[in-house]
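Note that the chains are named A, B and C in the order they appear, and that numbering of residues resets to 1 at the start of each chain.
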């Protein structure tokens, strides 16, 4: 495989996002402020609860979980649905389809640049601040490795979901509506807004059979577990891998079928 | 030239609104999907809220129904910004492409002309949801009812709306100076979700910030005190209608200043 | 009567960011920025009378749009004075807007989702046009173009030509004293161009509207303008009527030839044979631009005939396009 043509796209993406100096600052400051709000909110919540541990999570656990979930969101949300939806509406998609690269791949590698900047501007500072503030709650052992692995798979699953939703835009002109529905479902059911541990029983079971938890819940739980049991880790990573494969296949097939439809209709 | 007073603008707005609704109906699928998306957002917000308070019965001396009251209040006060000022989201695109210039050639107020172009019907669903929540919480709290109370609620809802509109205007106007201002707008929008918690959970420094610098505390907390804690209403609450108007006026000036300073993209 | 537009010594400067190249450059830009001042319009003066159609010409980036933005009150000049209809435009944008109409080539100012007639009705309210004036204007439009098919079509479904036509109708609706047309015929087919030129001409005649027209299409200039102003790199190169311009360059004629042999070699060879003329070629013809003050066309022709076999030829008077090209190339006329 010729990797160079992909890394060129990555490089262009990095340069493009660095052009926006002030926006980088806003992202950093914004995330810090957001972090502070989350901190105080949960501090008050735990103070009112009167116990140290709720649903197996301490205040620091919850804090790390939520803050890193937000940071991961900033890192994974690529506005794929918006971009593909717009280029479908404007007809620009035809030009992209002519590029000598599979469209799904082309889009992914185009985004990979902002990925890298987001990682350094949002995720890394947030991670370091959280690690410092929570004074050693995050252990620096194998769990980091598992976390990185899990995030890589989470990115893949998230991208596949985005791509499936973007494909729906070939059928309807409502980008906003579709995107907001996707975002709401993913954020809630993946445990990005509230840790899945807090979910009441029937809901918790349902969620565990869906792919969404692999996006936020799994990587974060692997990170927080300083003393991982091999069996749990393997189960978690295998479940993720399963969803990576399933979602990739579905998104590819759906795109292929939908595109044929469009070509037949002469869209 | 005839003078253009409030009546002139109201009539123009009514006509533009009627036309806008007519054309919205012509994109029926989009309309339905977007409405469903909006309902989804509200339901998901509510579910997160419910999950949270299943685990924690109160925050900082505020019980479930009181927090629910704040929640409903914030939903209602966020409706006007959603319905009437939604074009702020597109401002960045118009400025970037240079199309913004088309708004500069009409003999009416630039800000008005720009905002009048879009009326977002979806916001009405949120309004209904908010009213339902507020009424439910009101009944559960056994607050009683009098015309004076209703009047107070209405005045403070308007105040809260003005504050949110001001925040959004200022955030949107940043695109006149910053290229990629989406992050700022997105940041402010996300922040408003935290407006629904009692400001007393924050440390004094952040209480100050959220009262004067990023006045989200005026969106639900300060106004709600009039109903929920009638014995301990701070002076700030009584001043808030004035402050709301002040914030709005400042943001309007900022927006106009940016728009007039904005010099097109050359060609 | 005072001129409707008076521009005196107007200059407009912009601050432009110098971007550095490459990945390293982007990183540097993140921490330090380097600006330079660009003078888009440089001491321009002109005055335009009511009812004139003025062609405002210049290559891309010459400062045309900037001048127009200053006249419409969107931009404030860095120095100098502008009076439009007795107003200082940027100081009173809304008042100025009541008296002007603007069309920007490919950017419609109409409501995208609405049929034209609804847009016109909204404009009627915004400009506070009386029912009588509105009806009169509409019947004038009916007599000039076939608007019935346009009126009920949403703007988003229109072709580019129909949209431009609609934009022009909308710009003239409130009977403004001045209409600015920025490249109104860009991207249109020949018949649509003709239609639009006829419409502009008729509206100018009927309503005595002053029209400021920027264009790259010399067909527009030939069909509409009595007077042209040429600007390049912010500086004014020419301001006079079009006949004067042609007279100025009237001694130039173009000799077009078809010879046997390879065209590129021939061009080079001929240039050597008659150094006082400039020689160029296109798909079909070899063109020799002859300045009759230096050499007579007949002489050139007979000199060429000594060396080449001429298969076909024609003689052309210099076109407006050639004249403008010469002005761009040579600077001040």
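Keep in mind that, in the parts below, a residue touches a chain if its C-beta (ideal position, glycine included) is under 8 Å from a C-beta of that chain, and two chains touch if they have at least 3 such contacts.
Just so it is clear, the model here is predicted, and its values are computed rather than measured.
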Farthest chain (mean CA position) relative to chain C: A
Contact pairs, highest-scoring chain pair: A-B
Closest chain to the centre of mass proxy, which here is the mean CA position: B
Whole-Å gap between the CA centroids of chain A and chain C: 51
Mean-CA-position distance for chain B and chain A (Å): 28
Between chain C and chain B, distance of the C-alpha-averaged centres to the nearest whole Å: 45
Numbers and ranges of chain A residues touching at least 2 other chains: 19
Chain C residues within the chain B interface of the complex: 14, 40, 60-61, 65-66, 69, 72-75, 93-95, 97-98, 100-102, 104, 107-109, 111, 113-114, 118, 121-122, 125-128, 154
Touch list for chain A against partner chain B, complex: 19-20, 22-23, 26-27, 30, 33-34, 36-37, 40-41, 43-45, 47-49, 54-55, 172-174, 176-181, 184-185, 187-188, 193-194, 198-200, 203
Of all residues in chain B, those that touch chain A in their complex: 27, 29-31, 33-38, 40-41, 44, 47-48, 51-52, 54-61, 178-184, 187, 190-191, 194, 197, 201-203, 206
Interface residues, chain B side, partner chain C - complex: 1-2, 8, 11-12, 15-16, 19-20, 22-24, 26, 98-99, 101-102, 104-110, 113, 117, 260, 263-264, 266-267
